[in-house]
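Going in written order, the chains are labelled A, B, C and D, and every chain counts its residues from 1.
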Amino acid sequence: MFSALPTVPLLSLTGITKRFGNLVANSDVSLDVRPGEIHALLGENGAGKSTLMNIAAGYARADEGRIEVRGVPQEFRLPADAIAAGIGMVHQHFHLVDRLTVAENIVLNDEPGSAVLIDYKAANGEVRDLSERMGLPVDPKALVADISVAMQQRVEILKTLYRKADVLLLDEPTAVLAPAEVRDLLTVIRSLADSGVGIVLITHKLDEATLVADRLSVLRSGEIVARFDRGDASPAELAQEMVGREIHTVVARPHAVGATVLSVTDLEVDDSRGVPALRGVSFEVGESEIVGIAGVDGNGQAELVGVLAGLVTPNSGRATVAGEPLAFEHPRSIARQGVAHVPADRRKYGLVADFTLADNFALRGYYTAPFSKRGFLQRGVIDSLCAENMAHYGVKARGVDALAKELSGGNQQKLILAREMFTSPRLLLASQPTRGLDVGSIETVHGRLLKHRDEGCGILLVSFELDEILALSTRVVVLFEGRVVLDRPRSEVSREILGAAMTGAVAA
Amino acid sequence: MRHPSCLLRAGRDTRPIHPRRRAVRGPRRSRPTAVGGVARDPRSGHDRGGGRVNRLQVALRQVALLVVALVVGGLFIVLAGYNPFAVYGELLAGAGFNLVLAIIPGNPAGISTNIAAGNLFATINVWGPLILLGLSAALPFRAGLFNVGSQGQYWFGAILGVQLGITIGSNGGLLAAFLGAIVGGAVCGAIAGALKALRGANEVVTTIMINWLVVYTGHFLYGYAGPFANPVTQQPVSVPFPEGMRLPELLKSGITLHAGILVALVAVAVFGVLMSRTGFGFSVRTLGSNRHAAHYAGMPTKRLTVLVMGIGGAFAGLAGFVEITGTTGQITGSNIVGSSSFAFAGIAVALLGRNSAVGVLLAALLFAALQSGSRFLSGSFPPELASSLSGVLQAVIVFLIGANSLFSYLGGLNGIAARLPIRKTQGAVE
Amino acid sequence: MRHLTRSTVTVAVGVLIGVVILVFVTNGSGLAPAAILVSTLAIATPLLLAAMGGLISERAGVVNIGLEGMMIVGALAGFLISNATGSWVAGVAGGAIAAGLLALVHAFVSIVLNADQVISGTAVNLLGLFGTEYVFRTFFGLGSELPAIQRAPTLAFPGLGSLNIITIVAVVAVPVLAFVMFRTPVGLRLRSVGENPLAAQTVAIHVVKLRFAAVILSGVLAGIGGAYLSVGSLGSFSEGMTNGRGFIALAAVIVGRWNPFGALAACLLFAVVSALGNGFQVSAGISADLTAGMPYLLTLIAIVVFRESASAPASLGKPLR
Amino acid sequence: SAPAADSSEDASAFKVGLVSDSGGFNDRGFNALSLAGLTLAEDAGVSFTSEARESASDSDLVPNLQYFAQQGYDLIIAVGFAQAGPVAEVAADYPDVDFAIVDVATEGDPALEDLDNVQGITFKEQEGAYLAGVLVGGLRASGFEKFDGDAIGTVGGEKQPSVDRFIAGFQQGIISQSPDTVLLNGYSQTFADQDACKQLANAQLDQGADAIFAVAGGCGLGALDAADQAGAWGIGVDADQAFLGDFILTSVVKKVDVAVSTVLKSFADGSFEGGTDVLYGIENDGVGIPAMSDAVPADVQAAVEAARAGIIDGSVVIDLTIK
């Protein structure tokens, strides 16, 4: 199959340049995908990967450069043009209509039936057939709002396949998946490629990339800086190309655990639909301790952090911080008890996109000294504090008056971390702190977390990345269906034990 | 691409930095312009490229919009068969703006300073309540709330204020009316805020419904033989607000200039300071930009919703106070029914002024000039068309405000402004 | 399908409330149930048309608080054109077109220029209110006698009374719209555009075109609602004659949770209370202010009781980019 | 003093300013008629220059009045009861300017009665309406065509003194001829929303009304239309509304235009007297009904004439309470 690669690529981008104001997001980038090939696109946050793919899929227009599909020059004015040319894109943030069913989402705009009546039976049938044929089983009648993230991703892929796309552009498809789900997805991608589809895969997980990709291209500051064939580069080499320097994986050194900071007892919580999400959870976090909460998404992690941060109301149970009862439902009181929170959804909760970095820095403490005096904001103090903390956390930005939405994901995350650690909290709730970040940023964030641990801060780390949990945690807690099924020191667990516990196979 | 001084790598010390003794004054900031509570995202990258919107550019744009509005309004005038230049000229004169000409030595234009001053006073008397109505929409807008209830808040405030004032009488009656109007307006707004906060009720609808309820209540109270109607004259009008208790007169040139404008100026200053300098303003802006983030940050979002609608209502109530104790001196049931344009006026002023203190001040002046000036149109234009014309002009202006990306769409003004030698303000770390 | 089951419940509740009110309350009003029904439908007609319009626009993701302005423009244009052509059909069509044109401006400003839809809607209302006044006075001056125009005919229903043909159109529009919205491809696409325009874009739906069509159609329907007043019901025009009906229609859309049957129930609730209010005022001498305010009070209560929850189209009011 | 807006007329001409109330000049009621009064006076050869200002809301009243006073106008005519307070305020400041106020009596109003530059102009609407009532009641009693129900309806705009005087007089006129008539009355609480008036009238028609008297300005057109559609009689108000169609049985005319024109005449010939009230009734032809056609039976015509005479000589006293 590989020897028989046709010479004409399915999709080829040549000399693509894209500017946003003064910023050059893509500079003279060329990239092609051949039938049956998986082409990995790697790069730091903000390197221009998504921008390039958006251009290839008709969401944005290049300032310069050419797009060809099977050797035929194309001009994409709208995503519709790219779809017509057989190009399907799956965005990192899904573009699905929550309140429609899976089948409705997939057949949308190409519905079976007549022009005046949708044939729902046919739609559901076609979707079921397609999904089973492709190894991506879904329930056609389920509402998208009710299915898991992994399912939603299948729907996205099926959407493109339903439209007979033979080029798939996947933007960080594995960022939101649990390890087992990642394996499944990569298998499906491989078999799709083997059936002749060309795939561009954007990912920050370099081992995945080296494992599955036929070719790898590295984008740095909008330019292609390296291109490898399968087996020609190790993850470490790729990382170095991406960041332009050497990356060291952060490894936690043991550290003595102090007195108990957080104690959770018999916590019971319902999720937003009223279904029990936590069913009697108890555990403790000590000073200078990182407790990693492992588990597949949807097993109560979000609710656990929500309750501890004051955003979700528990049904019953207790929690204390340094012996004091936690002020449920009062985010501000909880913050005053010394609890900081890096939320999983940074765009929704962590930042105000239209605010300046300085204002975002003041978001939590704006009402009190040193940010405010007698109710009046101290602008100068806020600005200088923000600037100094940004520098120390390595936040790259135009200045303190840049808008938060201008920052890349990694820099946004570092800004949030800087803000949350500003008050020197006793306890940090870190939820998915490195989701969507590049290796360089992950290194920085991990380094920070360990430093804070060493300084005495207790950290509750929620992550779907087993590697992250294993690298940082002092103790590991596994949540399964709202229950603690495992709670052991790091030294007593392995990848295998955790993997088994996460599927509910081991009792605590 | 990125400012070099920001390319600092993470250093040795990760401890958070606490304030230095001498806090550095940061670069001036422009507030995010979340008009109507919906984050604006102009389709052009121009605004984003430089990071912040150039003030001169904004000002130029607003002025250009006004010019376009005048041209469109001129078409209306021409279509009705009149001369737009003459009409606009009289409109300006009617607003008293020709007083400027009278100051030219020798007064070559032959302006009657008395009359021009009187007209200007009339304009200023309208300006005050319009500022207050503008604030009543602007503050909620900043919090992402749309207050269409200015009409109800205005009247509920006015009614409570006037009745309190009359009851208390000459000793402190005016102060009582002032406080009563604030309370009345605030209660009326806070109800909508509370329904929003507690029941998730859409404030656009609730404020409209509350408007009607206040209107019919007011109409009943001051209706024929109503409980608050004038018992002596038997007319469906309130007892006149006593002469000695009215808002103080500042100046008089035929037309009286009363102290309402001072009330409005204080209010707009309070609003400005509140929004840009205080923690309260910060939390309001956060609420308006990202509700979830406000909740996450521990801001009392429900209380803020009630408070913001309440304060917005208080501004509207104050407008009622100023108008009744300054200009009309009475409340008429039929006037309460026919006053639906109050809410629109406030919204239009807030939108034109981009919900900022200075903006509201200027926008209110423009609308005051339109309203007051059109009242004094004479000769060149039939009086029965005058008030409709000023309404049409206001509508066109609001349309164009909404379409503030019109020029970037047409590719015009931004290009022009970009070619002007204006230094872009660049912020930098350190 | 879920939508239909929920809406069926809404309708059932609405109708039940209506029947209960009718049965228990008619005696006191001095009106026969048939008369109340006819009166209710007449009062509901312009509200329904505008509400269906608002619903379409909002389902496509574009806030339309400009219904009131579109209605009054429809009313005036309908009157002028029926007068000029001598044909009520031309009049209603003219009203629909004029309001549709105003809606087109709203669509352009809010969809192409990405303006704040609330601002644009406010401008539509101002322009409608003052623009019609301006034009009307330019045409007819002051106090002059208005010409008699041809109006939309009424159809007699034995045992019930006579209903204007536009009333029948309005009532029929509800199930038709519900069908289109929930059973047809175009309805599915429309809803997807209002829920998640980016998602719609990923499957090659032309979001801008569809939103334009929806907003213009909403203007057309609101315009017919306005023309009902001038060309259908009254055969004349007066300034401000829509008197806030556009806002009531908007409230009905929200109370009815963006569902055609829900909006129908809300409009009927408002109308039946108004109709009963008229009856009570006349025979029982209850204060006119009380009967006039009652529908608004009940709408307010309905909003508070039937929580809006998360039923608003997810992308309502958000520009595409 | 200040230059006049248009002073092309001869120097002896005096200047008149007219200020509407918030109903506006297009109210199809007394604001419109006041404006027409200026033309009427002009046609009658009175020499004056004039300017009219519309008040969009109560907020415009004082500034409009002050403007005319400041500009040196000789006579300012204010229309509507809402202007009583504003006129009192401005007239006190400008003792040299004369004011006339329509629909307000200065006597009994503590703010106005001591000012000797204000003349009040009021109408005894009930007298004209009584005649219409006698006509309608008489026709009804005589079994005239279309009178086949058992009730007569009255639709008011807002509940106001002058509106209620119309209604009260009308009702008593009916009862005087046809005592068993059921009297239905309601208010739309708006002068603009025609359909509201129509639905209200429909409610009355459904309850057996065979004639509708609309006292609601522009809104009343809707009530009259309801009568037309239902095959009932309509009775117009303010001006003769016979142009609406054959279903208009009669109208209660309130000659505001005549009153305004009369004030101008009196001002021109120097007989204008501030500090007084002018009252228009049947006697001085300020209110009334248009001439009756031959279709009206002689006995009914006679009853109407008798009522007219009775009102003038005081033998008919009209109570101002509404049934």
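In this section, a contact is a pair of C-beta atoms (placed from the backbone, for glycine too) under 8 Å apart; a residue touches a chain by one contact, two chains touch by 3 or more.
All of these numbers come straight from a predicted model, not from anything done at the bench.
Colleague: Among all other chains, pick the one whose mean CA position is farthest from the mean CA position of chain B.
Modeller: Result for the farthest chain: A.
Colleague: Between A-C and C-D, flag the pair that has more C-beta pairs in contact.
Modeller: Higher C-beta contact count between the two pairs: C-D.
Colleague: Averaging over Cα atoms per chain, report the distance between chain A and chain C in Å.
Modeller: One centre to the other, that is 45 Å.
Colleague: Roughly how far is chain C from chain D, centre to centre by C-alpha average, rounded to an integer in Å?
Modeller: So the centroids are 36 Å from each other.
Colleague: Can you give the whole-Å distance between the Cα centres of chain B and chain C?
Modeller: Chain B and chain C have C-alpha centres separated by 30 Å.
Colleague: Quick one: chain A and chain D, Cα centre-to-centre, how many Å?
Modeller: Each chain reduced to its C-alpha mean, chain A and chain D end up 75 Å apart.
Colleague: For chain B, which residues are shared contacts with two or more other chains?
Modeller: 216, 219, 223, 341, 384, 387
Colleague: Which residue numbers or ranges of chain A touch two or more of the other chains?
Modeller: none
Colleague: What are the residue numbers in chain C that touch two or more other chains?
Modeller: Those would be 133, 137, 142, 289, 292.
Colleague: Would you mind giving me the full set of chain pairs in touch?
Modeller: Pairs satisfying the touch definition: A-B, A-C, B-C, B-D, C-D.
Colleague: Write out the stretch or stretches of chain B touching chain D in their complex.
Modeller: 112, 114-115, 118-119, 122, 125-126, 129, 216, 219, 223-224, 232-237, 240, 243, 253-256, 323, 327-335, 337-339, 341, 371-372, 375-376, 378-379, 383-384, 386-387
Colleague: Okay, in this complex, where on chain D does chain B touch?
Modeller: 2-3, 5-6, 21-26, 51-54, 56-64, 66-67, 69-71, 81-82, 84-86, 88-89, 104, 108-111, 158-161, 163-164, 189-192
Colleague: In their shared complex, at which residues does chain A touch chain C?
Modeller: Of all residues in chain A, those touching chain C are 59, 78-80, 83-84, 89, 91, 95-100, 104-105, 108-111, 113, 115-118, 120, 143, 159, 163.
Colleague: List the residues on chain C that touch chain B in their complex, please.
Modeller: 65, 105, 109-110, 112-120, 122-127, 129-131, 133-134, 137-138, 141-142, 244, 247, 250-251, 254-255, 287, 289-290, 292-293, 296-297, 299-300, 303-304, 307-309, 317-319, 321
Colleague: Help me check something: in the complex, which residues belonging to chain B touch chain A?
Modeller: It comes out as residues 1-3, 6-11, 13-20, 23-27, 29, 32, 34, 39, 45-46, 48-52, 277-283, 285-286, 289-290, 292-293, 295-300, 426-430.
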